[in-house]
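Two complexes are shown next, each including chain A; its partner changes from chain B in the first to chain C in the second.
The block that comes next holds the complex of A and B.
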């Protein structure tokens, strides 16, 4: 195995000191001279037409500099998510939002906004805006919204289905079920989960007198966000600069594109007030008025032969898209693709779509449809194992996808370490103890369960997806990388420089990175789809190879040898020994290079770069790539204890084993996995936004929304498997979203193992266990 | 609108500051509730009187078998006090369950009582311990059982615009006495209790001499389970007796339906389980066994 100098090492993160000392820059910290504060008036109704809006009193309040409504802001339809910037024909992006409209479609929908000299004044001004609403009928459940006579939420989509219905046929599913010996069919109900990232949606906009606009924001995708703003405000993209300052307090998918509407509202207010305007969502606004995970229904029909070979699967999803489309076309697409890609099933069909309802829009959240799919599929696989009388672990090993297997995806299954993941996880959890953990009559029952899955390493072919990067060698030989991706906490500002240091052959301390700024980096689609290290990393590696090649070619001239004979390591260039047998070299000893009149057997990159500088040259490497795609794989095992008297589940341990291809920074990988596991536990047991009969979100704060706390973390054993994917940088694949995917099914399967009760709806709260136990006893 | 923030150094100074402001000032100790309520307009005041510099309010002491907790003593101080852990285990446990570490570093036990929330953890424990509050008023010192300071949900009989709780006191658990606190919550920090129960028992020769059982949120304030207490009086310590008494608590419990923290039906069903577990723990704490 090749030895690496920088990658594969858990080096200290380059942002560690800044973040540990609280000096790292975030949008919510921004302050500009003359800056105003923007506040948003939100709808108290789930569905209503605005028949009158009077802002005159608000405008009179001293300190108020602008009031924006649908009357004085652009009437340009858009989509807050990046879908409108990379949907590839024949698919068309769904554009169904204005900055402000005269119809409100969920509790929290934007009605108006105020810019004032202080937050207090802006808040007070909101109270002075008089709005007259004509209430319209509302619907909250996606199945109800599909029934004839249900309220129509967007006139353009009479059936309440945003965009395309996704259908993925493979083989002959009807024939497949006819040929199956055992068929299990079940429907599962899924909750609305919230990203609950640390920093709320935020943007600061500055509109210059020269027509240029600068927007500092929390977006995960500065370049696509620039494109959205250009469209909404009809301003050339070259005149808009979008950047992170430079960090983001988490994302988890909630701001792929705009940060809810923080950017367009800040720009609109800044245009009206002619001053910089800062808009920071309160936590409540973030909860009720920025994208959530899709809730809804997923059903699985699985057919198998007597020997356990899966033969047919029909997967169906009806997701709750909420009031606006966001990623409601892509999410059911990924749900279907991932759901069909885990097992070798010769006959498959997927049918899925989202449905408009009068709830908070659903969009991207870590896993992007995949956790929804795998909770359902992995539950049914366990049920199938029981019916077949097989160990569910062995049933999975028998059916999982292998390298080169045909599958529904338009790229190759080029690597899988899933079998190894399953073996390692089983050992860690003590799978052999399954079913032997409880004494008769015990009131606290223990159980073990598992779940597996795959994911993507970028968004192609679900949408456009490409990356650019450039690397410059500075005049002192240090190396600068420019990449358009952000670092939303996932460590890209460390792992991408690691790639540069490894490829170029310099120490990590010589590498610096500019990121997340449309003015100083080339286009990159951004951070989502577990893609940053894999896809942007591929561009970075290409740029690094390019710059290294230029350096060595330049050095070859000085050494008078072929560039192939030269080695650049630890920032020093020297020629390989004679037996390397390079062409065009007739010297007997090691070649020497003459620099500044002195002969040397090696020179530093520092010396070389300055020599080049004096001869009017800089080394500039460029990487322009369209990434391939690669499947990461994962197996999670959970041990739980169910208190049957109090109806509570406690997770005792999760063993999470991930095939990451190659871990560029193992500790960052493990951190990603642990964080995903915790969000997965929340998804399984406690996290949910419910609605009351007036369409109001019941859980609208950290106080009410049962996100796990540091005190709730069980033992997590995160383990890495390296299958070395042929397409990724140094063999790496995506990891960011994966920890969430198989966690909920592992827990729900463990609860079944403990109690004999299967839950077809998550989160498995006290209330649900209480009702199920009552039924069970009957 | 808040205009003044005062630091009295004695109890009488604090009371006179309140008097001088004629009902417009109020006491602040930890401030973990008040500083949320003021911006939301739930509490209106123009002057806060901070009692954290009154040294005698910052102590936990024991005199003649009675434990005194000063009004400026925080939850974490109570939870970490060896004296409280040994002589009032229920209170130490209750104090360790409130909010988060940061909240417990600031929030006071006396404030938890004065805020009068129906399920305030330390108040539930204090009622089981038979605790009394000492109140400094312009007319002199007054005393009230913690249990009697509830005037409705979130309403205390103690008026923080003219009165100051100076300390909370209760008899230290003696030999043959035991206490326990159990709590049902959706996560281990920053969660209000779905239910909480505190009990104190005295045992004598394999029997309960008496028991005090307090539970919440099943009424406007911490509620005593009087019939269950009656059933335990002089009863033999057996699983059957405990089970029966645990079910009897429902006579004094009226939990609400909560979309966030459990239905009435669920809470009614699990309350006796919590009471049973609390009684078993308290018996063990008193040195007894349940068999």
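The block that comes next holds the complex of A and C.
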């Protein structure tokens, strides 16, 4: 195996010093000369027409510099999601949002915004805006919204369905079920989960008098966000700069595109006030007026032969898309693709779509449809195992996808370490103890369960996906990388420089990176779809190879040998030692390089770069790639304890094993998995936003929304498997989203193992356990 | 509202500043003193991102009226270490992967420091308890707890 110098090492993150000392820049920390503070007036009604709006009193309040409504802002339809505004044919873009509209469609929808000299004044001014609403009927459940009498939320081709219905046929599903010996069909209900990233949505906009716009924001995708703003405000993209300053307090999908509407609102206010404007969402605004995960319904019909071979599967999803489309077309698409890609099933069909309702828009959240699919599928796989009388682990091993297997995805299954993941996880959890953990009559019942799955390593073919990077060797031989991706905490500003250092042949201390800035980096689609290291990393590797080639070609002239004979390692260029050794004269015959009138056997990149500078030359490497795609794989095993008196579930341990292809920075990989596990435990047991009969979000703060704290963390054993995918940089695949995906099914299967009760709805709260136990005793 | 003069010790330096009685400490630190290392994640004492140490206790600075700190000794992330000499907690957070997005990090480090100022031999339970008011959505807390353990060990060695 090749020895690597920099990759595979868990070096101190390059952003660590700034983040540990409090000097790291975040949007919410920014202050510009003359900056105003923006606040947003939000709808108290789930569905209403604005028949009158009077802002005159607000405008008179001292300190108020601008009030924006639908009357004085652009009437240009757009979509806050990065992909949908510029979707790739044949998919049609669904553009259903204005910055402000005269119809509000959920509690929290934007009505107006104020810019003032302080946050307090802006807040006070909101109270002076008089709005007259004509109330419209509202609907909150996606199934209800499809019924004939339901209110229409947007005019669309099919009533209340944003965009197209996704259908993925594979084989002959009807014939498949006819030929199956056992069929199980179940429907599952899924909660609305919230990303709850630590930094709320935020933007600072500065509109120059020359018409140029600079926006510092929390977006995960600066370049696509620039495109959206260009469309909304009809300003050339070349005059808009979007950047992170340079960090973001988490993402988890909540700002793929705009940061809710923070960017367009800040720009609109800045245009009106002719001053910089800062808009920072309160935590409540972040909860109620910023994309959530899609809740809704997923049903699975699985057919198997007597020997356990899966033979047919019908997967159906009806997701709650909320009031605006956002990612409501792509999410059911990914749900179907991931659900159908885990097992070899010769006959499959997926049918899925989202539904408009009068709730907070649902968009992207870590896993992007995949957690919804796999909670349902992995529950049914366990049920199938029981019916077949088989060990659920063995049933999975029998049916999981193998390298080169035909599948529904339009790219190859080029690697899988899933079997190894299952083996390692089973060992860690003590799978052999399953079913032997409880004494008869015990109050606290223990159980073990598992869940597996796959994911993507970028967004192709679900949306356009390409990457660029350039690398310049500075005049002192140090190396600079420019990439348009952000670092939202996932460590890209460390792992991408690691790739550069490895490929170019310099120490990591010689590499620095500019990121998340449309003015100083080439286009990149941004951080989502577990893609950054895999896809942007591929462009970075290409740019690094390019710059290394240029360096060696330049050096070859000085050494008077072919460039192939030169090596660049640890920042030093010399002729390959094996060549020197071949002449057998202890290197005395090795080529020498004449630089500055002196002959040397080796020269440093520093010397070479300066020599090039004196001859009017800089080395600039460019990487322009369209990524392939690759499946990461994962198996999670959970052990739980159910207290049958308190009706509480305690997760005792999660063993999380992930095939990451190749770990470029193992500790960052583990951190991604551990964080994902915790969000998955929340998804399974506590996290949910529910609505009251007036469309108000019942969970609109950290206090009400039950996030896990340090006190709730079980033992988590994160383990890595390296299958070396042929398409990824050094074999790497995506890792960011996977930790969440198989956690909920592993826990729900463990609860079943402990209690004999299967939950078809998550989160499995105390209330649900109480009801189920009561039923069970009957 | 009548403005008041507030005097307190901030990171070892005497501070005198004019504040409004309804100003919260977090806003005075961030907006008036431009110490933005202290983060604001909710403004309601529910996330711990704004944790500072007042007279040895870790507190949410968004819940503390600034005037309440009259004469107090206040420590923020800016005062506990720098590249010349990091605090052992900062060092451990950096080296053990306890930092991801970094938004909870200052508050988390301050909570950990307040604990370790009281005891350098905390149990796992004590660490979890003292960090349970600080929400981190990235790490799953695993490496954070490991880092606090490691920092405690380092501080014990120095004693």
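Methods note: the second predicted complex is superposed on the first by the 761 of 778 C-alpha atoms of A that agree within 3 Å, B and C clash if a C-alpha of one lies under 4 Å from a C-alpha of the other, contacts with A are read in each partner's own complex, and residues count from 1 in each chain.
Note that in this section contacts are C-beta pairs under 8 Å (C-beta built on N, C-alpha and C of every residue); 3 or more make two chains touch, one makes a residue touch a chain.
Note that the structure is a prediction, hence the values are computed from the model and not measured.
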Which of chain B and chain C A:767 touches, first, second, both or neither: first
Which of chain B and chain C A:442 touches, first, second, both or neither: neither
First (chain B), second (chain C), both or neither touched by A:711: both
Which of chain B and chain C A:626 touches, first, second, both or neither: neither
First, second, both or neither for A:491, with chain B first and chain C second: second
Partner chain(s) touched by A:646 [first = chain B, second = chain C, both, neither]: first
Partner chain(s) touched by A:92 [first = chain B, second = chain C, both, neither]: neither
Which superposed partner A:17 touches (first chain B, second chain C, both, neither): second
Touched partner set for A:692, first chain B, second chain C, both or neither: first
When both partners are placed on the shared chain, which of chain B and chain C touches more of chain A: C
Shared contact residues on chain A - chain B and chain C: 702-703, 707, 709-711
Residues of chain B that touch chain A when the two form their complex: 100, 184, 186-191, 194, 259-260, 262-263, 265-266, 269-270, 273-274
Chain A-facing residues of chain C, complex: 30-31, 34-44, 46-47, 49, 76-78, 81-83, 86, 90, 93-97, 99-106, 109, 127-129, 131-145
Residues of chain A touching chain B in the complex: 645-648, 686, 690, 692, 698-699, 702-704, 706-712, 765-767, 770
Chain C contact footprint on chain A (complex, rising order): 10, 12-13, 15-24, 26, 28-29, 31, 195-200, 247-252, 282-283, 488-491, 667-668, 670-671, 674-679, 701-703, 707, 709-711, 713, 716, 718
